[in-house]
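This is the structure, below, for whatever I ask next.
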Amino acid sequence: MHQARGEKHWIIPDGFIPPKSAPGDYVSHESICVLNCSSEEAQLQITIFFEDREPLENISVAVAGRRTYHIRTSSLSANGASIPVGVPYAIEVLSDIPIIVQYSRLDATQAANALMSVVAYPIK
Amino acid sequence: MHQARGEKHWIIPDGFIPPKSAPGDYVSHESICVLNCSSEEAQLQITIFFEDREPLENISVAVAGRRTYHIRTSSLSANGASIPVGVPYAIEVLSDIPIIVQYSRLDATQAANALMSVVAYPIK
Amino acid sequence: MHQARGEKHWIIPDGFIPPKSAPGDYVSHESICVLNCSSEEAQLQITIFFEDREPLENISVAVAGRRTYHIRTSSLSANGASIPVGVPYAIEVLSDIPIIVQYSRLDATQAANALMSVVAYPIK
Amino acid sequence: MHQARGEKHWIIPDGFIPPKSAPGDYVSHESICVLNCSSEEAQLQITIFFEDREPLENISVAVAGRRTYHIRTSSLSANGASIPVGVPYAIEVLSDIPIIVQYSRLDATQAANALMSVVAYPIK
């Protein structure tokens, strides 16, 4: 059995889904990249915070044991609601077992793509 | 009631507002991205440090409870003074309750944009 | 004798080797950048995690004392298996002595390159 | 008097000075961005580590009190030796008082620039 590693609570203050993509190899997207080092499945609860409206809560995602999962934020939804494009937001990830979380954005608004990435902030 | 999370004191050593933007979808900008997990409003005091002059102090910003706020640095001002473009500077964020802070820059000087982002450094 | 600094266990959740490179100065690549501050050689064991298959384990790399080593992920292999291009993965680095680890990606899929970098997450 | 904040010892494993710049607004460069929150001057000692040769040691830099300093790595030298371009290296920053350190790279090898940034790793 492999041990769980990392933390159970992670924050990413800068989320933004670029509203368009230029023609080319890539489509604009963001990923919440999770590593689950343990042998058990991890159960994640994701909350999305906005500037001007109530949070989108209780989005559930599972990450299998000894696997990574690069979650596209555009695929997340709760009660039929998903994250609008072109709007500033923030991400909270809670997990039932320790995991490690990184966030990356590929902005393909233009033919010339731009990339950014941060390790999320762990709440201990 | 939701609990405040994170830290009350954050540092970003590398600030720079690109002086120009190429025509296109984006304008060059920087954002101080804050998440306030608590149910209470957070009161922020921002200080801007320069290489060759006295700091710009006592810039006040409020972030509502259970909200994120992506603050454009070009919008900050104290006593009529704001951050000049094209000049290296650094940012200190103090908050009355714990928050989480990330900093991102979109440089649209050229038609081909560039992006960078860091989680700010927490002073504990 | 110089002392070892940093941590022995580091995680990078977002790995991805871009499948192609446009003609130009750069080829798409990722690097695991290690600094070994000590006078002794560091022995690293790297594990690669995937979304849909078993991890690639026991990849050995040595980093000489008082040296840095910027390891191209495309050069890593274990039992004849290496990391496929165009597939999301995650990286775990274990070292017998403390080191510091940063991860950077240059995406040269297009003529206009994109860069991202994070300090890896230390497990303490 | 303002108090010193941060740490006295910081590491950046991924240094690289791009060997060329395309014509345009920017020249390829890297900066070690320091914030000195205290009222006193900070005395820095920088060491540069390579993959295949002895470190470049005892590079001295001063950062004034209540100031930031964005140090171009290409400006650093010790005993007449400076950092060669196009070579992987790593950076260690020691300070006599606590400071905060971030590292950013602008790669203008191509007309389309790329940016990356990390907060340096603090040794506690």
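In this document, chain identifiers A, B, C and D correspond to the written order of the chains, with residue numbering beginning at 1 in each.
Rule of thumb we're sticking to: a contact is a pair of C-beta atoms (placed from the backbone, for glycine too) under 8 Å apart; a residue touches a chain by one contact, two chains touch by 3 or more.
The shown structure was predicted, so the numbers you read here are calculated from the model rather than taken from an experiment.
Q: For copies chain B and chain D, work out whether under half or over half of the interface numbers are shared, and give different or same accordingly.
A: Different; most numbers are used by only one of chain B and chain D.
Q: If I superpose the C-alpha trace of chain A onto chain B, what rotation angle comes out, expressed in steps of 5 degrees from 0 to 180?
A: 90
Q: Distance-wise, how many Å sit between the C-alpha centres of chain B and chain D, to the nearest whole number?
A: Taking the mean C-alpha position of each chain, the two centres sit 22 Å apart.
Q: From the mean C-alpha coordinate of chain B to that of chain C, what's the distance rounded to whole Å?
A: Centres of chain B and chain C (C-alpha means) sit 31 Å apart.
Q: I need the residues of chain C touching at least two other chains; which ones are they?
A: In chain C, residues 111-112, 114-119 touch at least two other chains, as defined above.
Q: Applying the document's contact rule, which stretches of chain C touch chain D when the two form their complex?
A: So the residues of chain C touching chain D come out as 5-6, 24-26, 31, 33-35, 37, 66-70, 100-102, 104, 106, 111-119, 122.
Q: Along chain D, where are the residues that touch chain C in the complex?
A: 9, 11-16, 20, 49-52, 54-55, 88-90, 92, 105, 107, 109-112, 114-121, 123
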